[in-house]
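One structure coming up, written as structure tokens, with questions to follow.
Letters A, B, C and D mark the chains as written, and numbering starts fresh at 1 in each.
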Amino acid sequence: MNELLRIKDLQTRFYTRDGVVHAVNGVSYSIDEGEILGVVGESGCGKSVHALSIMRLIPDPPGKIERGEVWFDGQDLLTVSDEEIRKVRGGRLAMVFQDPMSSLNPAMTIGFQIVEALTLHLGMNNKQAEARTTDLLTMVGIPDAKNRLEDYPHQFSGGMRQRVMIAMGLSCDPKLLIADEPTTALDVTIQAQIVDLIKRLQAELGMAVMWITHDLGVVADVAERVNVMYAGYIVERGTVRDVFKRTRHPYTIGLLGSLPRLDEDPGTELSAIPGLPPDLIDLRPGCPFAVRCTYVVEQCWNETPPLEPTESERHTVACWRWEEIAQGVA
Amino acid sequence: MTQYLLKRLILVIPVVLGVTFFAYSMVLLTGDPASALAGVHATPEMRAALREKLGLDDPLPVQYGRFLVRIAQGDLGTSIISRIPVAIELRLFFPATIELALAAMTIAIVVGVPLGVIAAYKHNSFADLGTTFGSLVGVSMPIFWLALMLLWIFGLKLGWFPIGGRIDRSVDLQTITNLYIVDSILTLNFPALLSSLHHLVLPAVALATIPTAFIARITRSAMLDVLGENYVRTARAKGLEEKSVVSRHALKNAMLPVITVIGLQIGLLMTGAILTETIFAWPGMGRWIVNAIVARNFPVVQTGVMVFALIYVFVNLAVDVSYGWFNPRIRYN
Amino acid sequence: MGDGREILAQVRGLVKHFPISRGTIIKRVVGQIRAVDGVSFDLYRGETLGLVGETGSGKTTVGRTMLRLYEATEGEVIFDGVDLMSLKGKELDRMRRRISMIFQDPFASLNPRMTIGSIVGEPLLVHEVGNKKERQARVRQLLEQVGLNPNFINRYPHEFSGGQQQRIGIARALALDPELVICDEPISSLDVSIQAQIVNLLERLQDELGLTYLFIAHDLSMVRHISDRIAVMYLGKIVELADRDSIYSNPLHPYTQALMSAVPVPDPDLQEARVRIILEGDIPSPASPPEGCNFHTRCPVVRLDHCPLAEPELRELQPGHWVACHYAEDFQ
Amino acid sequence: MSGSLAETELRGLGIPGAEDQSQGVVRSPFRDTMRRLFSNKLAIVGILMLGTVILVAFMAPWIASQHPDKNGIFQAFPQNNKLPPSMDHPMGTDVIGRDMLSLIIYGARISLLVGVFAVSLAIILGSTLGAIAGFAGGTVDNVIMRIMDIMISFPTILLALVIVVILGPGLFNAMVAVGIVSIPAFARITRASVLGESGKDYVMAARSIGAGARRVLWRHVMPNTLSPIIVAASLGIAAAILDAAALGFLGLGAQPPTPEWGLLLSRNRGYMFTSPWMVFFPGISIMFLVLGFNLLGDGLRDALDPKLG
């Protein structure tokens, strides 16, 4: 597989009145062409911010991409001109957002909102763009698409709106689709429809997908590889089986333990992670998870563990004690 | 849409009735209209006769009903001072005020909206702070003082603009609508157009100050809200240029609160017109009413109060209806 | 199921319709949002009954109507032998001491201008329990019980994280030693690792205080974890009610089956092995629910000659296992 | 005000640092508001401006060079009329030779009084009506709010003029008129706020523990409706001062010899082309005071509701 996106040491901060928020703290990884990568973590772990940083959509001020490289299709997106990045956005690199109601412009027809992208990136005229928009909407499963181009977002249900968002994201045949919690705002049965849709389209169109979510179950379902993020760091990375079955980071272990399992005896107590997520404003040196970690040792307080390969080259973890954990857990 | 319009019209009816009722009963509250009409030298018998003739001894609802019938027939009474039918005076003064108000509103929108957009876009910049502070100064200014200062500086010291009236006495203008700008264009009277525009500048600028400031403030805060919305991020993620993001995606959504304020500004504009017209000797409704109030010229006061209130009511109706264009949700519900 | 166990509350034929009114000056009712449309179930003392459903299923309305936060359109809620719906004034207040509620959005459910001490102490004050000193002591005890530092008593809600705010809400709900606690999606706005903390807390408190829970949620795996019995709602009606194990091992309603198969499992092997039932279409609006069986528009096994015409009864197909589907026998 | 957009965006991104998590000092909503208010430059300017006027008004007997007698009349010095600003008369003298600065200093007392009185009247009547409308709903709400709609349809000055004509000209009547004119604004704000707060979860929570209607109203709903009313009060005082000055200017407000700013301006208007200071200083004083209240009101709005820019 060819490498499509390579991120090196990405760091994003927000300069707020209360202090500097260390949102993303040196993230490096790559995505191959046609791959589905899951990015999982709780709120404030930097998963969305890092995706927006890739697109250069961080509101500045207060946000600032401090350093790093984002190589996409032979270009470093962080150094190209504003004009160049606009050509990439919505074209080869598209994004679908969490809340389909607020992410669509309420004062514009959905037809226009998709046509707009097509005329911009593919240079189509209105007629061609409308025809393609109808095809796209049909493809994402909107019944009677032709007659719905003139409708406004509020005339669609939540699930249908997310389909419209997906059609918009796919409009210019992106090589990479970043889906930022695309199913979080939806009901369970609708969520299943959307997951199924994106999986099907990914297989058909062969694009790569970065699937950002807090739902470990969704990741296990859709992704081939996973990044687990905590406090702006990737703490564990590997194939879904590596991360879910040979878990090496105490945070991932805790996260999985927090979830009740359909295959477990429901009587057992959940092994919740104690404490609160860290305050990113005064993020202290050392492992960010140390305060909540049951495996913590002296070293964790002072040195930030690097992301290192474990038993397998492709399964990496940022923990000083992963080997002991492996022996204990495995 | 038609149904929505109809609904809104029905809602206006009680307000219109209330307004006319207030205008009518107000006169009774301020004292005996018969004595005012009859003059100071009238005997008690003359006043009593007049009261009976005017039907002032009937119960209030009956009087009000008669009043409504009368204005429905276009009879607004006769001015006590000039003895001219109020309807005729109204046709003379009303267009002057409309001309002034429209000019002021145009200035306010043309200046205020872009200022607010720029301030919001360059949030926390010097331009933003300047607009915020400047617009606060604008709304804090006593309009009669501002008018006097403009008159003093641009009328007297610099001599750029005339200090009163609507048109030079030396210019002939055949009036059709009594809107001088419209009339001079209709009659292709270029000198009259120039002269009336020249006279309009200072009063219009004075009158526009407060609405401009208000509109700039509201536009700024509405734009700030909208620029933080997710669909603006979507527009950027689509690769649109900033220009289209702001002008196409953000502005249309931000206009909703702005047009509400424009509607509400009409009330303030009318308040301003009362004061501005007094200072610039503008022969409009404001001056007409103030003079009438001081002189207790009730038929004129009644008419003026009603006209001002009805303008407000119907402008706000128009604003409500125009929501449909900006907000498709309303159009379809 | 009910054998030998004490019934704490019975909900019988509960209906809550919210009128949709139109009109400018004269309001007229043009329709009804049928939020809850005939719901009956029993609550046994000391158990947790899970009430699951998606948007528009009416699960939250059931909880709120039981506490008379909404007035029921029809139906009875018999609590310890008394119909709550018929109570007035003082009697109602007395009964309210025995039932309390935990809300979905912890921050929104706490008055931002009150200290957490006065929030947690308010039920005591309202029901005139003890003197000031005793109340203060009780508040400190409650805070400790839910895992908060009692010295925070003078702080304000916005100074706490979401999980801590929910603990404050729980402390308030426990202030009057209630017998029944209605938990209205108490964890759905929290992060995964915090959810587990709160669920463990609720379970511990149930053991310690012998509470009965009505646990309202949309997350099936969490409901299965915490509940003894589970009721599944769809468009204002209960479609299936059974004890936890039988509903998971042997779901009899096609909606329950689809709902369970839609829940993602955090295990790639299991995920692969599962057969997914993906329902088509959207959830209909509760303002105009489909005729007959209200699930027939999305049902994968619908029989069009019957389902749209007749409304299925909720019937006890197996002991303690209730289901509202004409063809539930086929799934046994 | 600064950074509010940023904070909203940060919350949207779910960055915990964007919400205050500091657990050090006890931070009541009141202290938070004050902290935000005093970190707003424009608000501080407003507070300083207001402070100056209040101080001047309070200290008038000590700082003015001329003083009114028992009947409130300033002595005229006809030989000193229309003197331009100088060391002796920093703002010059008026048509009958009174020291403008002294008049302005004593006028500050009147404008402050007018603003506070009018808005107090409007709050007492308007907010009560609004709260009743919001709580009662139905017909009561409809009737109250339609009356407010009618009142709001009249330009404020026009309505005030009519009220003054009914009551008779004079400072007190002008204050009452301006107060009445402000009623609908407070009624609307209070009603909207009561409706908004009543629908919130914490009100539902209070009802769930059995709190009675009175407790829900006074302990839960009303304290949370205060913010918009406080903001409206500050901005309302500004508007009331302007309206009262306009009434004075039209000769229907304060009557001579009261040194009311609008009246001063109107009395000297005829001489403005020859002695512009006589018009300039009263006007700038009005603007100074009104701007102070507007800046404070704006700052309070931002401080009380950090979400709004």
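What we mean here is this: a residue touches a chain if its C-beta (ideal position, glycine included) is under 8 Å from a C-beta of that chain, and two chains touch if they have at least 3 such contacts.
Everything numeric in this text was worked out from a predicted model, so none of it was measured.
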Both-way neighbours, i.e. chains that touch chain D and touch chain A: B, C
Chain ID, smallest distance between chain and overall C-alpha centroids: D
Where chain A and chain B are represented by their mean Cα positions, the distance between them in whole Å: 53
Computed distance of Cα centres, chain C from chain B, in Å: 55
Distance between the centres, which are taken as Cα means, of chain D and chain C, whole angstrom: 48
Distance between the centres, which are taken as Cα means, of chain C and chain A, whole angstrom: 32
Chain B: positions in contact with at least two other chains: 14, 124, 230
Touching two or more other chains - residue numbers and ranges from chain A: 43, 61, 276-277
Chain D: positions in contact with at least two other chains: 2-3, 5, 9, 16, 20-22
Partner chain D, residues of chain C touching it in the complex: 25, 64, 67, 69, 92-93, 96-97, 100-101, 103-105, 108-115, 122-123, 126-127, 154-156, 158-159, 161, 169, 172, 175-176
Partner chain C, residues of chain D touching it in the complex: 16, 19-23, 26-29, 32, 142, 200-202, 204-212, 215, 219-220, 223-224
Interfacial residue positions of chain D with respect to chain B in the complex: 2-3, 5, 8-9, 12, 42, 146-147, 149-150, 152-158, 161-162, 165-166, 238, 242, 245-246, 249-252, 262, 265, 269, 272-273, 276, 279-280, 282-284, 286-287, 290-291, 294-295, 298, 308-309
Complex contacts: residues of chain C adjacent to chain A: 54-55, 161, 163-164, 191-197, 199-200, 203, 218, 220-222, 224-226, 244, 248, 258-271, 276, 278-280, 282-283, 298
Residue numbers on chain A that touch chain C, as the complex places them: 42-43, 157, 159-160, 187-193, 195-196, 214-221, 240-241, 244-245, 254-263, 266, 269-274, 276-277
